[in-house]
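In what comes next, chain A is part of two complexes: it sits with chain B in the first one and with chain C in the second one.
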Partner chain A sequence: MSQFQLMGIFDDEDGVKSAVRAAKEQGLRIVEVYTPYAIHGLERLLGLKRSRLSIVCLIAGALGAGLKLWFEIWASAIDWPINVGGKPWNSLPAFVPITFEVMVLFAGLFTVLALFMVTRLYPGKQAAIIHPQVTNDRFAVLIEESDASFDVDRVREMLKQHGAVEVTERLTAEVPA
Partner chain B sequence: MSQLEFTYQPPRALVQTLAALVGLGVLTWVAGLFVDPQRAWGVLLMVSFWLLSMGLAGSLFVGLQYACGAGWAVAFRRIPEAMTAAFPLGAAGLMMVFLFHPEIFPWVTHHGKAGSFHAIWLNRPFFLARAIGYFVIWFVFSAVLIRNSQRQDVDGDMRHTRRNIRASMAYMVVFSFTFALASIDWVMSLQPEWVSTIFGMYHMSGLFVSGVAMIILLMLWLKRSRPLCDFVNDEHLHDLGKLLFAFSTFWMYLYFSQYMLIWYSNMTEETVYFILRHEGVLKSMFLLNFILNWAVPFTILLPIPSKRSPRVIASMAVCVLAGRWLDLYMGIMPPITNGHVAAPWMEFGMMVGAMALFVLAFLAWFRRAPQTPVRDPLLAQSLSYHS
Partner chain C sequence: MADISLSPPLVVGYKKISDVTDDICRPMERWPGGTWWMAFAVAFSMLLLGAVAITYEIATGIGTWGLNPTVGWAMGITNFVFWIGIGHAGTLISAILFLFRQRWRTGVNRAAEAMTLFAVMCAGLFPIIHMGRPWFGYWIFPYPNFRGSLWMNFRSPLAWDAFAISTYFLISLTFWYVGLIPDLATVRDRAKPGFRKTIFSIFSLGWDGAYRTWNRYELVYLLLAGLATPLVVSVHTIVSWDFATAVIPGWHATIFPPYFVAGAIFSGMAMVLTLMIIARKVMGLEAYINLRHLDVMSKLIVLTGSIVGFSYMTEFFTAQYGNNMYEQFVFLNRAMGPFAWAYWTMVSCNVIIPQFLWFRKIRHSWTLVFIITIFVNIGMWFERFVIIVTSLHRDYLPSSWASYTPTSVEIAILIGSFGLFFTLFLIFCRLLPVIAIAEIKGVLKHGAHIEEAH
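Right after this comes the complex of A and B.
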């Protein structure tokens, strides 16, 4: 089964913001907003939940720091103790720089990997661009028919009112759940 | 100064209390001069350096915003501008120490080997000339930045912004060199046999992080007590919180870099600095220093909601400011008192006096111009800002 969608193309961000606000007030279902750059405050208008990437970052950082610290202690105090300048085997200050570096490395790599996994990105993936100009100077707001009360003409009128330069209809295969 | 209407009047009771606290600070100092003059002059050096750093942090913050072309901070820019009022007071206190009791610097009585770099760099005429040079440079740049900003309130001319951008870029460069040298002159030379090349940078990070903490506290207070309530919101607080978090970590980075290299190479002429600060009570204060300045703010400010909560962020700002005082104490006082820690009535009395003096100077300057730069071209951007 396919879904009926209306796509409003805008040429400035204020129009996008007011259209999104109006659509939310009318209880319309906004599938996605495509913009060439990040519009500050849009995520709050759309009511998006906070990204969970920061949690991934925190856990990966703690994991990296913990593993590296364990390895350093194991290597320099248990497995192969070497006397360096008469310092104790477990000299924490000496471990700090490497622990810090590995923490940053883990946190960075795992955050990027998690981002790729969540957004299903991989090398060589074909770009799915909804409108050729959203990567340049246009903004697209995609609204989906959610129930029987969806009035195509009214939604089209609403989008136009908020400055849409073009409104197109499209049918899409239902996204598998 | 400005023809625009601005009717902010700080509560009389507050001004009177502050004046009384300043009086208390002065009395403590005078009493200290009789009890233990060496320590009293040392504490005067410490509080003056604090006042000076607070003032410089104000103009540094303003300059940084101009140099980056940043618009978010415009709405509350009058706070750092007014903070600069503390700078001449700090400079005056430092000059008193340099002129009337230079003996707290050991190189004044025990000269280095004639012709050596120590002897050339650390001699009184050159030292005083340098100090005056720094003061003049900082004063000129701060005055230019503030005057242009306040002139813009009247005529709204874009040229003031352009002039300030140019001045700020020069100020950033000049400031880093002069302040690094100044902290070496005034703090590091208390132990002239000890050198650290990261010292200037380390003091600059302390200056900036405590300045941001002070801006946060003043902003929250002025928002609650009306003058800024229509201009600042949680978005500004959030970004100031990020700065506090980042520079607290930066401070720790430099502090630890200095510590670790000295600990690692373990050379007698270098470890002397830390050995002096590792005896008895000073050892726990040494640890407390990095807990207050980094460990607590870092863990608490890590999640986003705490950077947007006035209560959490205000308590972290207080924590960092307390840490700044401790850091200054650890940097300045041990060489003067030979690592001996006495009941700190002198330190606390003068600290309170210095902070009260700071707030008085701040209020006096804050009243002189509209509470927000009304005609700054970036004000609209700052008011509708999303972090």
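Right after this comes the complex of A and C.
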């Protein structure tokens, strides 16, 4: 079944914020907001949870550090111990710098890969541009008809009131996935 | 003109959001002008000169350099440390100042990060061409081989260095690319259908500006900044350990890591200013890189320059106060020996000249700051030269004392590294947005009311 949606186009971040706040108060379902830059504080208004990507970062860092430390000890003390200046086989303090570097490398690369995975960003993907200026100077707030009490004219009026320069109707079938 | 002492606007002039997009994208969308081609011709010729010199050096051998058994490290390693240091300011601006919520960084972070990448490329070149057999350069990394497997020595600072610099390059590249994605999408949506649009579509990964993506993106950016901050400190610390773990008088000092990190930021900040003062003029970005940036970055130069000067004094004092005749000799020899000219060039350029930036009049003059940054660039190159060459050329045994003069091949390679750096930077200026468009839009309203009041 196709869903009916209203899209309010704004030219200012304050308008977006107040429209989102009002929509939330009226219990409307906001599908998504499209913005040319990250508006700070909007995540609280939208009720978005803090992303769990920091856990990925922690695990990847621990994994990198653990693997590298194990490898250094294994290579220098077990697989082929070589006497270098009479240092102990397992020279733990000397293994710290590389362990640190590999930890940072793993944490950084895996976090970014995880970001691309959860946000479905990949080379060759066709961007679903909701409005041609959304990466330039326009903000789009997409509100979906969630139940029978959805009053198109009232929502349209509400968006206009908060400074929408343009309000358009659409069906989800049109929304590129 | 807004008053600098109040919180001034980050972007001067009344810019609309779309103006930001237009101003930053415009230089990329027109055919480069005569100035650019001239600069490119010069930079590319320098690069070619360096390429010829490196080819000759590798084909003939390391004997084409002026090294001798006493002075085994000289210009090659000087250049390596110099370029790595240049890179550090980029990460300071992009990561450390981001964590400190220094909003002014937005105007310069993209270009500074690009500079980091290009400087690390220049730096990475030198240890490789310094090897007798550069084609075995990969032996520095542990990989399964038919010799045992014979693993590398993980206790060596040179091995730490290889890991530190590769990680630094990869993380800087990732950080830079992640920051670029929204801007690549902006350029993509402006471009007419064709080859350029296709390329930008591929690299912008289908970015559509959805806020859920932005929300995660911002977190990842913060995490990367948090990772890059200790990383940048670790990189120059490890570079300084290349020297500090040796028992050479003049190198064997615990002050080296903080001293090197401060010096790196000092030199890098000077290079960022040198480049940005030219770029803003040539590319018409005066509104985005303005007096406020000049002021703050000049202050950072005074701060780090003073730390460097203080380190010179501490080093000298510790050597004379300690009861080690070799240490005492090395420092007196630096200031009064055959390389005294290099030492005093270093002191004048790094300690004395930057002190002029205490004066607001000087700090607010684009020309004077530009001249001072050139001196700092020269001074910091000489700092590494002094540390490396003066410590080595007269060590414990007078019978093994020697001198060092660079050959034309070494000078050509140094010029070549500048050629590589500027060539890459000039290409970057034409192909990618030199200012973080999306970030500038986010700070457009900062201080705008103050400007209106004037």
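Brief remarks on what is shown
The rule is short, and it goes like this: the second predicted complex is superposed on the first by the 173 of 177 C-alpha atoms of A that agree within 3 Å, B and C clash if a C-alpha of one lies under 4 Å from a C-alpha of the other, contacts with A are read in each partner's own complex, and residues count from 1 in each chain.
To be clear about the criterion, a contact is a pair of C-beta atoms (placed from the backbone, for glycine too) under 8 Å apart; a residue touches a chain by one contact, two chains touch by 3 or more.
This is a predicted model, so every value here is computed, not measured.
Because the two structures share chain A, they can be overlaid on it, and in that overlay chain B clashes with chain C. In the superposition on chain A, A:S51 makes contact with chain C only, while chain B stays out of contact range.
When the two structures are aligned on the shared chain, A:P123 is found in touch with chain C, with no touch to chain B. Residue contacts after overlaying the shared chain place A:F4 against neither chain B nor chain C. Once the two complexes are laid over each other on the shared chain, residue contacts for A:W80 go to chain C alone; chain B is not touched. Within the superposed three-chain model, A:P97 lies in touch with chain B and with chain C [touch as defined at top].
In the superposition on chain A, A:H40 makes contact with both chain B and chain C. Between chain B and chain C, the partner in contact with more residues of chain A is C. With both structures placed on the common chain, the touch criterion links A:N136 to chain C but leaves chain B unconnected. After overlaying the two complexes on the shared chain, residue contacts for A:F150 are found with neither chain B nor chain C.
Of 189-197, 297-305 or 315-323, the segment of chain B running into chain C after the two structures are fitted on chain A is 189-197. Chain A uses residues 40, 50, 54, 85, 87, 94, 97 to touch chain B in one structure and chain C in the other. Within the complex formed with chain A, the chain B residues making contact are 256, 259-260, 263-264, 266, 302, 304, 385-387.
For chain C in complex with chain A, the touching residues are 16-18, 21, 142, 148-151, 153-157, 159-160, 163-164, 167, 170-171, 174-175, 178, 181-182, 185-186, 188-190, 201-220, 223-224, 227-228, 230-231, 234, 238, 241, 438-439, 441-442. Note for the complex: chain A touches chain B at residues 40-41, 44, 50, 54, 58, 85, 87, 93-94, 96-97. By the touch criterion stated above, chain A contacts chain C in their complex at residues 11, 32-40, 42-43, 46, 48, 50-51, 53-54, 57, 61, 71-72, 75-76, 79-80, 82, 84-85, 87, 91, 94-95, 97-98, 100-102, 104-105, 107-109, 111-112, 115-116, 118-130, 132-137.
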